[in-house]
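Before I ask anything, let me first share the structure, which is written out below as structure tokens.
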Amino acid sequence: MKLFRIFAGLAPALAIAAFIGFAAPTPVSAEDQPAAAAPAAAAPAAAPAATPAPAAAAPAAAASPPACSSTVLKECTPNSGDTAWMLTSMALVLMMTVPGLGLFYGGMVRKKNVGDTVMTSFAITCLVTVLFAVVTYSLAFTSGSSFIGGLSRVFLQGILSDISKGIGNPNSLAPTIPETVYMCFQMTFAIITPALIAGAFAERMKFSAMLWFIGLWAICVYAPVAHWVWGPDGIFSAANTDDKGNFVGWVKVLDFAGGTVVHINAGVAGLVSCLVLGARKDTGPAHNMVLTFIGASLLWVGWFGFNAGSAVSAGMQAGMAMTVTQIATAVAGLTWMFVEWAHRGKPTVIGIASGAVAGLVAITPASGFVGPIGSMVIGVACGVGCYLGATALKHALGYDDALDCFGVHAVGGMIGALLTGVFAINEYGGTPGLIEGNPGQFVNQVIGVVTVIVYDAIVSFVILKVIDVVVGLRVTEEVERDGLDLALHGEIVQ
Amino acid sequence: MKIVMAIIKPFKLEEVRDALTSIGVHGLTVTEVKGYGRQKGHTEIYRGAEYAVSFLPKLKIEVAVAASMVDQVIDAITAAARTGQIGDGKIFVYALESAVRIRTGEKDADAL
Amino acid sequence: MKLFRIFAGLAPALAIAAFIGFAAPTPVSAEDQPAAAAPAAAAPAAAPAATPAPAAAAPAAAASPPACSSTVLKECTPNSGDTAWMLTSMALVLMMTVPGLGLFYGGMVRKKNVGDTVMTSFAITCLVTVLFAVVTYSLAFTSGSSFIGGLSRVFLQGILSDISKGIGNPNSLAPTIPETVYMCFQMTFAIITPALIAGAFAERMKFSAMLWFIGLWAICVYAPVAHWVWGPDGIFSAANTDDKGNFVGWVKVLDFAGGTVVHINAGVAGLVSCLVLGARKDTGPAHNMVLTFIGASLLWVGWFGFNAGSAVSAGMQAGMAMTVTQIATAVAGLTWMFVEWAHRGKPTVIGIASGAVAGLVAITPASGFVGPIGSMVIGVACGVGCYLGATALKHALGYDDALDCFGVHAVGGMIGALLTGVFAINEYGGTPGLIEGNPGQFVNQVIGVVTVIVYDAIVSFVILKVIDVVVGLRVTEEVERDGLDLALHGEIVQ
Amino acid sequence: MKLFRIFAGLAPALAIAAFIGFAAPTPVSAEDQPAAAAPAAAAPAAAPAATPAPAAAAPAAAASPPACSSTVLKECTPNSGDTAWMLTSMALVLMMTVPGLGLFYGGMVRKKNVGDTVMTSFAITCLVTVLFAVVTYSLAFTSGSSFIGGLSRVFLQGILSDISKGIGNPNSLAPTIPETVYMCFQMTFAIITPALIAGAFAERMKFSAMLWFIGLWAICVYAPVAHWVWGPDGIFSAANTDDKGNFVGWVKVLDFAGGTVVHINAGVAGLVSCLVLGARKDTGPAHNMVLTFIGASLLWVGWFGFNAGSAVSAGMQAGMAMTVTQIATAVAGLTWMFVEWAHRGKPTVIGIASGAVAGLVAITPASGFVGPIGSMVIGVACGVGCYLGATALKHALGYDDALDCFGVHAVGGMIGALLTGVFAINEYGGTPGLIEGNPGQFVNQVIGVVTVIVYDAIVSFVILKVIDVVVGLRVTEEVERDGLDLALHGEIVQ
Amino acid sequence: MKIVMAIIKPFKLEEVRDALTSIGVHGLTVTEVKGYGRQKGHTEIYRGAEYAVSFLPKLKIEVAVAASMVDQVIDAITAAARTGQIGDGKIFVYALESAVRIRTGEKDADAL
Amino acid sequence: MKIVMAIIKPFKLEEVRDALTSIGVHGLTVTEVKGYGRQKGHTEIYRGAEYAVSFLPKLKIEVAVAASMVDQVIDAITAAARTGQIGDGKIFVYALESAVRIRTGEKDADAL
């Protein structure tokens, strides 16, 4: 089967990567270096306010009520500036999925499927919101084991009463804002991740099968992976420390805003799903690049909530995350445009928009750790890499990743995750990378990426196969030919 | 009576209409069509892939006229629609047996 | 006439509701219970910072200049975090009307009327902005009588100089932000409310008549109703207290972000207007559900400004409002989708989008008072209720509410307003509801809803009849048939 | 040549204006008056927090770490509330260009050019981002000479490390936020300005020529003009003071958010470019006013970041800027609508949207300085003025400003810049205008406007001529006829 | 066999279809077209400028019928499509030499 | 000369074009139309209400050919457009009296 052929194709690369990772003398060595600053500041979505170092949000919350810090958490009360920014960030990240991603994808399918495509984004938003409130938040973001969180916040129980009893946000990653706000912010990440997958199986999956797949994936894949990287006691999580602040997980992986958790995770699931589903019968160019333009633009705007919001505070780190996000995006957009111009003779709307999204993807894991120069390199790298991912790689291997979920998100996510290990600057994010003489961090990044790819691919495959047997994954040939809009939804754009 | 049906390049519509008006033809019906012929199509690009589009946008003009006017109409259209480049289009003429003006019920020549 | 037939149909329900309300032993009993916390915290659009209880925004504004509180208001200076969030909220709520609502509605009309529909939203935004600055803000939000405010802020006079003299925002509902910001925020509510009405009379009202109707309605209906519920001395306003903090209005109605003031108010006026105007000559399915998708999505995103912004501060209450808004919306979207799927065999884009909007509507009055579980119940209730409102109810009674302004906004608003009285949790918003053993609050809600319905219906009817005589309400049959875009505006989508 | 004919036509007006300016006894007299308050508060994009006067953001940043003020800048740390608002503002202003402006313009061209039009906005966003980070920020916003800044921030070097060494934002215009955030915010202004120019040369310029023109213009025109007005030592910059706070530049020009730097600058460059390019072969009405509606709406929403964000803090001044922005926009939208209704018999979507944008443009320079009444006058003035600019003026002079870049942005910008000198209120922004008896400020405004027009026109002309010779400015007649989308980009809306 | 081609006002489509069905004609093909004739067009406005649009939206209906039915068909269309105002449209009739049903290969009368 | 006009299902266009090209017909004109016939339409849903849409999207293909080629053309189209299901469409043939190539003024057979 094609599935195996392709994974066989990827195997050597994975093998090498894994070898580097596991063979490295001390894969956990990364955090030994910047002893003092690292524990808190290097945290993915970290709270710089908690450290004396490049202190960001701290001062505003100063004065009479004790400042928020991880040690005096119980006394901490919300900082209104940080909270204002995180409320805004949540709205921005929601806007990325609806309408952003829906339009980005909707413009690229044929007109007969645009309704199904935008509805997929909308329905996933609704579905994952409910699942997240019911169980995913608890599984991902509360303490449990290294592999999966606990059930203490199922149905969001106790999320407010703890505070009303005088204790702050018990989540050490977000000490200065109410837990509800942190939960909402994380919810929007849990929404967009599966929504991204839909780009791979667009124009041919049954709507009912899509709901089943996304629902199960959100619980079985997203929750554990998010816990590994961002949970208080996850295997890769910088927050997983003992009382003295020493890292006690497996290896510490830098993933500021979700290169691994969001983009690689979605991209690999997308690859698996389009392999299991098979190719579309007929394809064609984008039916309305104006929709794609709107979508890419709103993704860009909303991504500030995604990346700068991942500072979980309105201070220095958010500002630098904003800066590098903007630069990497612009560089990647131009890179893709010029590569396509050179290759095909014309610069296209879809091209520059895709490049910008590739840039946003690649800078995501890096955004709290690298500086302007690093972001430019990342922008060029992913502009070229994702262009190849969406063209050469796809055609060489022959899978039908309809809207290049793998080619853009997994490839861009990997480029970003690995280059984070290269260009991380101690001064900006608290952890040095390869260019600052810390090869260990690069190795850590490889381990993180490989682990997630393997877990995700296996579980996604199993889920899809089960659904295929039980409800069937794919629409009939006639429905596919006439378009999903009319057949599945009884609606059509006039 | 005849129907003169012409396939022309879209941007020539106003000129053709003016040419027809100037010879006293004051009614016509226009349809957006796609044409396939010697003129080669264009290429659309989507993420580094090329899609050849062999059908080109054209306009179809249908004019019902008295048989006596057919040559004049053909000349008018030909003159107005010509650019001299491949793809200028065609004129087809076929017989019209009867015509009716819906509003009045007038028939044939009176209906045009 | 049909108008009377329908109100006759609603009469028994209203009668019963009114009976419950007026017959209740002590309808004002609600605020007797949570003595200390209620006065401030239960205020619609309340400022938690003002109370010692679950204090939210307070700390950031601490230190040298005295903290903002209702007792030391004159010394109070703006809190930058709260102000940041409220500036953002105003932008978000404006985005709900333009482009949000314009697109939501525009996608559902026929293509020949899409220009008129989006222009209606835009023109209302302009018109109401001017009226609000000139007179409505003063009438609604300054002290006057219990029924209508005063004229002290006509033309916004003095809105800044008070502050420059060293006194804070004189509006006790928003002690930590500049009065200009509070005014702007409230302005956006005054804009969207009449814009919602336009869904009822779409595709057939004269543009000039629309301007007259909306202008008069904004002054004659919106201003007093807003004053009743949110004015410093309104009959229903929790802020209407004596020096000791005892409520001195008629009955205290909980309406966090506008279930009664905005949605029931708009929905009832919509019903009256489509009854007076009569049905459209021809109807058809939505012409472009992609526009509706964009509109619904931006409504959703913007609604965080609406609901979480109604906390008028960036703290705990805003966080919980955000949480329940997100959950209720998602649940209602799924509910409508599944109900329609079961009923008509297909899940539709318009359906899930309508359900989400219904959820946003219904959670609006409740958002500062209920918790996650309450929001789920509200989501299911309004998902089913509004589906029936837009289908069974409309067809049974035979009015032509073109875009279901009544079926979604009035029905959803009523469900939300009443269930607020049921699911309010003292701990979250300072007032207990029926499930915490306080039936009086439910009765209060009924009284509030009925009063607004009756006043609104009568005044809207009178305004419409006057306009009909003076300028004529409806376009000619020919204009309606060929589309309003070309005939009224000389523009057409190509 | 037409170019000369038109400038000849404008010459008398310019001459008179210049005469008033240069002949005025003491053009610099304006700042003599409100001695204490002016230096900081009157600064374009000023930081009210820095002055003891109508103090805005100060309190939140109070307490243990020393409050931010221009005198203790080195000790200053970011204020989380101000930072939250500025992060948000940057996202809002980015949204103005993509998708806002792209759609506003895209809806007005013919369908065959919509792709090129939206792509122009997107590509300019990418291009200017890179140029700004590499060189423009440094040239515009660091100290150098009065005419152009220095090179100390080339490639953004040192933008974070200064802070990590314990010193705050070295830019005295934004003392309470991280320099990265200030840089990002200013970047979005540098992006939208050249993107506006594209309205003038739409539907006929080569895409490659556009990239060259915009790139060179962004460095050769935008950077110096921004430095003059907003640079720490620019000739017109209120921040250009000696140690005692005395203004030491040439004349102090009020330009709160960019009437001169952004709108006049873009409008004049647009006029020059459409004169050099020549008229389009064929024109027609807007192809899709729904896109224009979305674009205008998002411009409006985003403009709050533009104007209220230019307070660079979340306090009183931002609130008043928001207020007057909203009012002027609404008034101008209605004004244009009614004028067109009277003139052509119908109110149009494009009309009210254009009017609103004209209002936004005109209030831009004034937004931190005038009050509600002033904003209403400005709204009426620009509603009428820009309507004439886009109709009578254009037809009289015969240039083909495709989407009225000059008619709306330059005309609106001039009306706003001059009326700022008339309606500035000392109490609001720290500088009195003509109506408060300070004619000198009006004269200053005239000098600023004329200087920018002359410099901009000359340099833009030279750049365009050079490009025309080297790469050619205009597409072939055949490409223009068939549409730029297919010919230049290989894409088409289906 | 004949082809009856009618140009009608768009909002009359359902009535015309019903009229045809009621006389036993169960197949037809509809095309969106733009018509130019005596009925004057409309004006589009763009920023205070007016663009005269002389082509009006119309529908073209084509029905292939047996020659014997032509008059009936003309009457049915005329009756259903008439509003009595300028622009109601025209009916044109021309000869159809043969017809084929693609699905079955049936010919002529059987194919209709 | 004849005009062969075929109503086909939209997704069959490429196959029909290829079939025609393979028998030497290198020009044709395509129009998007809506068809009404035995094939039943579909239902659109709007807020729980159903709207029956009886017109289905079809393509109309017009090919002008020499009379001698008509049968070949009919066979080619029939073979390429057939799915065997209701709604495959029809082919109509009518006489073409003259043809002109606008670019060159060539007439009749030379113009095709």
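Chains here go by letter, A, B, C, D, E and F, matching the order in which they are written, and residues are numbered from 1 within each.
Please note the rule applied: a residue touches a chain if its C-beta (ideal position, glycine included) is under 8 Å from a C-beta of that chain, and two chains touch if they have at least 3 such contacts.
Values in this document were obtained by computation on a predicted structure and should not be read as measured data.
J.: Using the contact definition stated above, find the chains touching both chain D and chain E.
T.: Under the touch definition, chain D and chain E have B, C as mutual neighbours.
J.: Chains touching chain E and chain F alike, please list them.
T.: B, C
J.: Of the pairs C-F and B-D, which shows more C-beta pairs in contact?
T.: C-F
J.: Please tell me the distance, in whole Å, between the geometric centres of chain A and chain D computed from their C-alpha atoms.
T.: Computed from C-alpha means, the inter-chain centre distance equals 35 Å.
J.: Would you mind pulling out the distance in Å between where the CA atoms of chain C average out and where those of chain E do?
T.: The computed centroid separation for chain C versus chain E comes out at 49 Å.
J.: What is the distance in Å between the mean C-alpha positions of chain B and chain F?
T.: Chain B and chain F have C-alpha centres separated by 18 Å.
J.: Could you check chain F for residues that touch two or more other chains and list them?
T.: Within chain F, the residues that touch at least two other chains are 31, 44-46, 50, 94-95.
J.: Would you mind listing the residues of chain A that make contact with two or more other chains?
T.: 60-64, 79-82, 84-85, 88, 285-286, 294, 314, 344, 346, 348, 350, 489-491
J.: Quick one: which chain pairs are touching?
T.: A-B, A-C, A-D, A-F, B-D, B-E, B-F, C-D, C-E, C-F, D-E, E-F
J.: Which residues of chain A touch chain C in their complex?
T.: Contacts found on chain A: 60-65, 77-85, 87-88, 90-91, 94-95, 98-99, 102-103, 106, 114-115, 118-119, 122-123, 125-127, 129-130, 133, 155-156, 159-161, 163-164, 177-181, 183-184, 187, 207, 291, 294, 314, 488-491, 493-494.
J.: Which positions of chain B touch chain D when the two form their complex?
T.: Residues of chain B touching chain D: 11, 42-46, 50.
J.: Within their complex, state which residues of chain D touch chain C.
T.: Listed in rising order, the residues of chain D that touch chain C are 53-63, 79-82, 84-85, 88, 92, 111, 285-290, 293-294, 296-298, 300-302, 304-305, 308, 313-316, 318-320, 322-323, 326-327, 329-331, 333-334, 337, 344-350, 352-353, 356, 371-373, 376, 427-428.
J.: Per the contact definition, I'd like the list of chain E residues that touch chain B in the complex.
T.: Touching chain B from chain E are residues 2, 6-8, 31-38, 54-55, 58, 60, 74, 77-78, 81-95.
J.: Show which residues of chain D lie in contact with chain B when the two form their complex.
T.: It comes out as residues 282, 481, 486, 489-492.
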